[in-house]
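Below is one structure. I have some questions about it.
Lettered A, B and C in written order, each chain numbered from 1.
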Amino acid sequence: METQDQTSNLSETLPVISLSGVNKWYGDFQALSNIDLEIKLKEKIVICGPSGSGKSTLIRCLNRLEAHQEGTIHVSGIELHERMKDIDVVRQDIGMVFQSFNLFPHLTVLENCMAGPNWVRGIDKNEAKKRAIAMLEQVKIPEQADKYPEQLSGGQQQRVAIARSLCMQPKVMLFDEPTSALDPEMVSEVLDTMIELAKSGMTMICVTHEMGFARQVADRVVFMADGEIVEQNSPEEFFNNPQHERTKAFLDQILK
Amino acid sequence: MFVDTVIEDKALHKPAFLIGLFVAVLAFFFAFNFTDTFFGEFLRPVIGEPKESGFFGRLAVSIVLAVLFVLNLFVISFFKLKGQIAIVWIELFLLFLAFAYSFDLKMSFIQSRIGLMISQGLFTTIYISAVSIVIATVIAIVGAIAKLSNNGFAFAIASFYTSLFRGLPLLLQVYLIYKGLPQIGFMVDAVPAGITALSLCYGAYMTEIFRAGIQSIPRGQWEASRALGFRFSLIMRKIILPQAVPIIIPPTGNQFIAMLKDSSLVSVLGVWELMYLARTLGQRDFRHMEMLLTAAMIYWALTIVLEVIQARIEEKYKQKG
Amino acid sequence: MNIKLSLNNAVVVLLIALFSISMSAKAGDVYDYIKLDNEILIATDANWAPFSYIDDDGVMQGFDVDVGREIAKRMGVEARFITPAWDVITAGNWNMRWDVSVGSMTPTASRSEVLNFPATYYYTPAAFAVHEDSTLTVPQLSGKTICTTAASTWEMYLQGDLDMLNAPAFTYDVTPGTITSLVDGAACLDDVRLGAGVRNDGMIDSLPMILAAIDAGYPIKVLGDPAFYEPLSLATDKGNDDPELDAELARIITEMQKDYSLSLLSIQHFKNADGTSADYTVSY
């Protein structure tokens, strides 16, 4: 298929995702205003900001779970817009991990992981199963394969969700506050998994408040407030030398 | 309902409640005057000729009945839950049998015709209901999806359909389809007309059940599926409907049971289903109650079977979850 | 959520398929189709002994049914009986679901707007009946509650609006206070048996039917002389007029009258109040 050819021909220097002048409103409320952002292959971006700043909205626009109204968003060179034909093909190459896990409760852990490759990638069951087990090993819970999601802890569920996305062999992974719904003692197991993933060279865009993770992994930290990108910088610069008052106020609060 | 962990004293073991209950029951039996029945006959040694026993006889019968009733409840209250349920069921069933017995039924008459009622009547009833249920389910799935879609055309058709077919009495729909469709060139016989009416009517009710079931699936399931690149029909088939089914089953089971009995409305078109034969088979010998009660028992037995099946399916989904 | 129209289309196709299974393009020459199918479809009541009823083996029996079978035999085709509700038959517009009604239908002016009456084959008296404990007389039934079959000539009689064609003269002797119109006469019998004035004060139906009920042990009695005699006819659908069929039906009935086979059937099925056999096939 044409779209797939385009994605596989990407070079590392071209942006895998680029946003230009993106605006989005919910009724009268402007959720995103004039967002310009480019993300290159293998780059790790952390997006942070106070609640209501539009960071979740932004990341959900990248696979068009939300629609933007103005500006352009390109993923792998394909523009996302409401009349596009193959949004499902674009989405297959973008993994997404949600705050509330969103595993399929009627399927076992293994079936959750096999579903994507088997149903939409057209990979046969045995192959999909092999891949699913490999990914479950990567997130370190192969022994839970035959359980149903509700039998697992929150941290385990989130790691399954990551494995489920990885089974699609995505080009990009989106993380939408992946640790916010977890009990404190489970946060680190999920972050460890994400750090492992980062080391393997995955392109990652993470909305998170975990600043330790940002310091350790991010190539760039993007700070948003009131729907705008206020500041973006390397982690050292961002944490040690924030430029804007709002950034300083935010960091003061979160690192207190 | 969740039962509390604290057990209250049984009301039946409080004297005040027992006396109050006794008075209420006594008043009930006195108001309805049972002297003309078996009970008056039973008390003949005490009250003399029941018809002429007057106020005393009526009061005596009422007291005996009220004592029996309250004593019965009191005794049952000492059993365990399962025992209570079994005893009450058996008692109510015996009362029903007594009611049937009061019609002076001729069992040989029932025996000579029950074969036909089952081979012809029951078969037709099950056939009509089963086909209608399958079609109604298909209609309900499509209708529910249409009602939830943002396609104005589909929504308009689906909402008009549910409004119309939930708004008309089923009997009227049977007539409209049987008499109306031939006017526009579709010649339908009685059985297909009945099936069409039942399917459309129950499809409309089940559309609302399915819609509610689909809507109850959290938005996150849609988003996770879309994020994996699933298309609409795949999401519906593999993610949403399988999760909606356990929610849909109890009200749908109710609809199935109701439809089984509403299929009797097709008898106005001369279809020889259970209700039609119940009305007609006793006619030559003018023994209608025999046939009506036989049909009643068959319908009831069928309903119990459906209830058991429904409970089994619910159990199965509970285990899986 | 976006509706996939293909799903909708599938259902439309399914519904059309369902209808077309039962669709038949028959129209016009009813008699030709009878010959073609080698079968005549006869509409009759299944709840009206001794005229027509279902026997223990699930087979239609009774006077009307035997007449129907004889008609089919003389046409040289098979008889098949269909048992729709009475008011569905009298409403006309049969759309060729059945070819002829052999159901003791009285020709009336209003019915003749939608139906043809090719041949009258017998005459029955209509009579009032009350519970055996009742002390009422026929004139006293005026103002009382009377039960009868919906859309029947007896109902028309009670309403003072009986416009029979070619019928013996009669007078309206009773003007009920309330008319209870039920689906069939059997339902009225069961109401009247409950006691005088319990649900109804009396009923009106065909005399042979009332006598059969009394035979079966119903605690009821016939009241006075017959209210009226009604001619009973075959009926065909005016909406699908076929003079050829009507002529054939008339010819067969005349033939059956001439060779007394009609009288024999009547004697076989009907009795008078005194127990003697009744020949209702001659006009009073």
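By our rule, contacts are C-beta pairs under 8 Å (C-beta built on N, C-alpha and C of every residue); 3 or more make two chains touch, one makes a residue touch a chain.
Since we're looking at a predicted model, the values are computed, not measured.
Peer 1: Count the C-beta contact pairs for A-B and for B-C, then tell me which is higher.
Peer 2: By the number of C-beta pairs in contact, the winner is B-C.
Peer 1: Nearest chain to the global Cα centroid?
Peer 2: B
Peer 1: By CA centroid distance, what chain is farthest from subunit A?
Peer 2: Result for max centroid distance from subunit A is chain C.
Peer 1: Need the CA-centroid distance for the pair subunit A / subunit C, whole Å please.
Peer 2: Chain centres of subunit A and subunit C, defined by C-alpha means, are spaced 77 Å apart.
Peer 1: If you average the CA atoms of subunit A and of subunit B, how many Å lie between those two points?
Peer 2: A distance of 52 Å separates the two centres.
Peer 1: From the C-alpha centre of subunit B to that of subunit C, how far is it in Å?
Peer 2: 34
Peer 1: So in the complex, which bits of subunit B are touching subunit C?
Peer 2: 112-113, 116, 119-120, 135, 138-139, 142, 145-146, 148-151, 154, 178-179, 181-183, 185-190, 192, 195-196, 232-233, 268-270, 272, 276-277, 279-281, 283-288
Peer 1: Which residues of subunit A touch subunit B once you look at their complex with the stated criterion?
Peer 2: 63, 65, 88-92, 94-96, 98, 100, 102-106, 115-116, 119-120, 148, 150, 161, 164-165, 168, 174
Peer 1: Under the stated contact criterion, what part of subunit B meets subunit A in this complex?
Peer 2: 218, 220-221, 223-231, 234, 238-239, 242-243, 320-321
Peer 1: Which part of subunit C faces subunit B closely enough to touch in the complex?
Peer 2: It is residues 1-5, 7-8, 10-11, 14, 18-19, 21-26, 43, 46-50, 53-58, 61, 82-85, 88, 91, 93, 95-97, 186, 189-190, 212-213, 216-218 of subunit C that touch subunit B.
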